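Pasting the structures here.
Two complexes follow with chain A in common, the first pairing it with chain B and the second with chain C.
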Partner chain A sequence: MIEELNKNFEIFRKTYIPKLEDEKKRIEAFKDFEKSGFPNKKLEDWKFSDFSSIISNKIENIKVSLERNKNFKFENFIKDFDHIKIFFFNGFFVEKGEKFDEKKGFNYVTPYNGFKRNFSKEGGFLILPNSNNALESLNNAFFTDGLSIATKKNFEFKKPIVIYNIFEGSKKNNFFNNKIHFVISENSKLDIMIYNINIGEEPIFFNLKNTFYLKKNSIFKLYNLSDFKKNDVHYNFGRYFLEENSIFENFNNCYSGGFSKSDLVCSLNKEYSSCFINGVMLSQDQNHHEIKTLINHNEKNTKSYQKIKSVLNHSSKGVFQGKIKVSPEAQKTDGYQLSKALLLDKNSEFDSKPELEIYADDVKCSHGSTSGNLDEEAIFYLMSRGLDKYEAKKLLIKGFLTDAIETITNNEIKKYFLNKLENNINEHR
Partner chain B sequence: MREKEINKLKDYKYGFTTDIENIKAPKGLNKEVIKFISEAKNEPKWMLEWRMKAYERLKNLKEPNWQKPKYPKINYQNIYYYSAPKGTSNKPKSIDELDPKILETYKKLGIPLQEQQRLNGIAVDAVFDSVSVATTFKDKLNEVGVIFCPISEAIQKHPDLVKKYLGTVIPITDHYFATLNSAVFTDGSFVYIPKGVRCPMELSTYFRINASQTGQFERTLIIADEGSYVSYLEGCTAPMRDENQLHAANVELIALDDAEIKYSTVQNWYPGDEDGKGGIYNFVTKRGLCKGKNSKISWTQVETGSAITWKYPSCILRGDNSVGEFYSIAITNNHQKADTGTKMTHIGKNTKSKIISKGISAGYADNTYRGLVDINKNANNSRNYTQCDSLLIGNKCGAHTVPYIRNKNSLTNVEHEATTSKISDEQLFYCNQRGLNQEEAVSLIVNGFCKEVLQQLPMEFAVEAQKLVSISLEGSVG
Partner chain C sequence: MLEINNLSAKVDKKTILNGLSLKIKPGEVHAIMGPNGSGKSTLANVLSGKKGYEISGKVNYDDKDLFELAIEERAHRGLFLAFQYPLEIPGVNTSNFLKTSLNAIRKSNGKKQLDALEFLKIVKQKASELKIDEKILHRQLNVGFSGGEKKKNEILQMSLIEPKMAILDETDSGLDIDALKIVAKGVNALRNKKRSFLIITHYQRLLDYIKPDFVHVLMKGKIAKSGCMELAEELEKAGYEKI
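For the complex of A and B:
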């Protein structure tokens, strides 16, 4: 597969018109990738998810083509709440969404597409760091488009932004690489939802890298949702840098897709910053979902909170790898991590690795991880009150997962996600 | 304070050496040395072949490098693989014939072998460098049919048992250090408890590294036949030296139907000086197999010594209804590093495991709990409970928790929790107020923190362990 990719890369470089200032970086990145290949389970980070075998099982051959569908039509956006819409179709920005207007609170918005501005100065969007993460290298080599936004200072967004990543892959075009890069300026407040949807029938591989800088006193909420098909593969690599007194809230929904992994690295770099990373998994049909977090507590008085709830059924697999790392400077750290999983059938599997790495003594860190089945007595209780077994189970699963969704602080989005959960549970047999 | 600390540490009570003549194998690791060891032990041919097989395999293996504590490369050619006090190389003799210097050594260590002959207490197998020098209470144990002897003797006298079980839990194709041990192991204890016998006394082995530049590679094999019970203790010390010495032991436990093995360790190898110079590398493979139904294996360990401790006493719960337990205290001070934990592999139905781990780090030390709970597909109704608590004293040390949990069965319950904390000023103040000084207060609080594990130790050991806990932390506060 990698040889094929190599050929693809050559064509990609020739046909992709806007050139990077430093085109060599792309080549270097691809070489880095070639050296390591797709990650396999020998790597500690991929211990429970052998990516190289997953990708070859799901997708025959990954191919990149730059053909763009001019007749893009998409009406199926969220109607439940008012929001700013941004569209990407097959990895390219589409100018059908919101017109960006500086009055609206953006300092700059630069869809990468077309190089309308020299935005490499602005926040380093185009700086491609060398990476020992093979999939990030791959993203560096192949990325086609993305979005770089800085908000205005002291601006509070009234509406959330929803970034729709819409895909309709084909055998020739099933591999998409995007980058999202945001700077949440001082005292500003912004909610974002990234919504990935595959409307086609062909399986795709979506490799997303997102980077967010949270400046002093900012509040930023990021929600992830995907509507993927059975063989789709999604890798989401997120890096978040928090400054003084900033708050970061993240919620991940894993309902669909053949394989998805959210690899989140959150660095609490200044005092009083805090992050909340929560998520639910409701996996079925041999889905394989993974949430991996690394929280770096680099300064004193920082706080992190994680709660992941998973329900696994129909030979699916769930993985949670979470790590709280407390550096020697980070006294008075408060770190909390909880992962709970329900295994509903014989062939499902839940693996977890909740890790603590602590170098400071005045800290409060704890983690818990459980996995097991539904409580038979609770089912009996509900059945004795007239529910049938299926209804009873559904109610318990709903209650179990709602616990995590309740942590969402944006009420409109919480409501929307609760509805989504309801629908997903109803489909869940 | 600093000076006091240094003086205290110089007081590693067991840091003396015994001056006795040694017989050593030539330095280095090669076929000749393995042959030398095998010949010195008067081993049958099959044993030598077994060792050679391990040696061949070793050539293709690499040292593992995933662990947290890093150490300088070990030159395996610069180690004596066999060192025995003169006069014991043939056969362990009766205690009266032992070199008085060795007896003196054991007396200093607090294990007066002769006295124990008379007093009713614990049967001890004393291992000095590479050979077992004395085993007490043999006759008494013989009466009930318990075999407790050096493994070198067992190879000759009970070859059937050894052949049947040796290497069944830790195969010679295992990781680097286990394979190295299989090739060059020198001595260790062998225990066989026959059907239905409850071993009348605690069995114990005391390991002592004496000679310089030697590695100790002991191998212990304990077999508990149907319905039997045994409690086994292990203690270790070594002289103070500037060099790092390697200790790579293999311990295999096998519990058949309804049998129970309780294995306790108080490990107090020389930890190195306060700058982290010298000390023992304790790279040990310990694994127990609950082969039969309703069997139980329980590991208890108090790890206070060694420059680097790297061991994971594990249980393979193959028999239905079998139980595995792991209780651990790991204390690291100064530049010590410990990476320890357990593996619980649930294969049989209704299997249960419990893990209680307490890590305490002070000074510049790093303490890691690393564990695996693996629930296989057919392990219906199995249950695991894990609790790891870490205590940090000072802000130059680290405490880490790396649990791996794999659950492939929906009818199980797996729970894991971990906390990290420090001794709070309020707790210290409360103790001070009641007349305890700082060190006594810390010792009291730490002992309370460890109580759950200390309770599991047999009485004689519990007292020693409690003292060790206090001594290991002296000078770390204030």
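For the complex of A and C:
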């Protein structure tokens, strides 16, 4: 597969017209990737998800195509709440969504257009970082398009932005590398949902890097949702940097097919910053989801909260690796982490690795992790009230996951996710 | 309505019910009293279909062999058990649960399912009749409820479902006098010529408000003595040892 990628990379470099200021970076990034290859379970970070074998089982040949479909049509967007729409189709920004202007509170740059229009470095992500993460190196090498947004100061968005990443996976085009780069400026407030959908027949590998800077007193909410199929592969590498008194809320829905890993690193760099990283997994049909978090408490009086609820059925697999790291400066840290999983059949698996690494002495940190079956007493209670076994289990699963969804503070989006959950549970026999 | 014949139940080879017989006719209210460990809760569990018991004997309910009915079928046919320890179910909204339960029972009886508005109207009315704070409807089922709130919630469910036969398993234990009155009110309001009750209790207190037609004493897994209200009063004074 690496050889194929090498060929793909050569073609990519010849055909991708906009050039980075420092094109050598791409080549270096690809060399870094070649050296290590796809991560496998020998690596601590990947010990529960052997990416190397996952990708070769799911995708026969990796192919990058830079063809841009001009006849993009997509009507299936969210009708449940009013939102600003941004579309990407097969990895490229599509100018069919919302037109941006200053009044809407932000400037934006997409690199593909940006390069062509000779945008300067304000895109931020045009500078490729060195990385010891093989998939990030791969993303640097094949980075095609994305979005860079800086919000206006003191601006409160009245409705959320939904970024639709729509793919039409085919044998010729199945590998996509994007970057999202946001600066949430001082005193501004923004809610975003990233919604990934594969409408094609063939599986894809979507490799997304996103970076968010939360400036002083900003509030930023980020919701993730995917509609992927059995053999789709998604790696979501998120880095979040929080300044003074900023609040970051993140919610991850893992309902969809295939393999997904959200690899989230949140750095609480200034006093009174806080992050809430929550999520649900509802895995079935041999799907495999992982949420991995690293919370860096780098300054005093910072707060982190994590709640992950997982339900696994039909030989599926769930993984939660969560680490709270408290630096010596970070006195009065308040860190909380909880992972709970329900295993509904013998062949499903849940791996949990909660970790605390604390170098300060005046902190409050707790973590808990449980996995088990549905409570038979509770099933009996519900059945004694007339529900049959299936309905009783459904209600318990819904209740179990709802507990995490209730942490969402955007009420419209919470309601939308609760409906999604209801539909997913109905399919979950 | 309910006819129990020579019922025995074992858990891990330990006999708990040992040849219990009892007949409850439509409209009758029976109370079962007994010391700890006499088999009171086991009787309630066995009748409602809880697993884990090795059972012999026969129970007829509403002209059917009770043991041939699944747990939910017993509920569909009008058997209701108010739990001694109602379960806390996180994430499940109380009102939503009540609606699901009521509609499951209505559906099985060929009745129209209630929509959210129709249901809300009924549940609010029942809650107000029983002086139960509507707020519990919006909370997660029994989560963080006080002992009294949990028991009141059971009585609210009973009032909504309007069962043919209700079994109350120590619903009065741990209740203050006001909550006790609510429980009694719930029972008395439903009392009619067709509906039967089996009230399992430790103390006479609840029976003062409900006034059962019959009182039985359960000892070592079977009925040791039967009588009327005077028996309960006697027990309250003299204890179980004299039986």
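What we mean here is this: the second predicted complex is superposed on the first by the 415 of 429 C-alpha atoms of A that agree within 3 Å, B and C clash if a C-alpha of one lies under 4 Å from a C-alpha of the other, contacts with A are read in each partner's own complex, and residues count from 1 in each chain.
To be clear about the criterion, a residue touches a chain if its C-beta (ideal position, glycine included) is under 8 Å from a C-beta of that chain, and two chains touch if they have at least 3 such contacts.
Everything quoted here is computed from the prediction, not taken from an experiment.
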Discussion item. Contact-wise, after the overlay, does A:L396 reach chain B, chain C, both or neither (first, second, both, neither)?
Written reply: second
Practice prompt. Give one of first, second, both or neither to describe whether A:S384 is in contact with chain B, with chain C, with both, or with none.
Written response: second
Worksheet item: Does the superposition put A:K346 against chain B (first), chain C (second), both, or neither?
Response: first
Practice prompt. In the overlay, answer first, second, both or neither for which of chain B and chain C A:G368 touches.
Written response: first
Worksheet item: When both complexes are superposed, which of chain B and chain C contacts more residues belonging to chain A?
Response: B
Practice prompt. May I ask you to decide whether A:E406 touches chain B, chain C, both, or neither, giving the answer as first, second, both or neither?
Written response: second
Worksheet item: Should A:G37 be classified as contacting the first partner (chain B), the second (chain C), both, or neither?
Response: neither
Discussion item. From the superposed pair, tell me which chain A residues show up as contacts to chain B and also as contacts to chain C.
Written reply: none
Response to the item:
Residue set of chain A touching chain C in the complex reads 375-378, 380-389, 391, 395-396, 398-403, 406
Item to complete: In the complex, go through chain A and note every residue touching chain B.
Response: 44, 47-48, 328, 331, 341, 343-373
Discussion item. Touching residues of chain B toward chain A in the complex: what are they?
Written reply: 66, 377, 390, 392-422
Worksheet entry | Complex contacts: residues of chain C adjacent to chain A | 48-51, 70-72, 74-76, 80-81, 83, 86-87, 89-92, 97, 100-102, 104-105, 108, 140-141, 157, 161
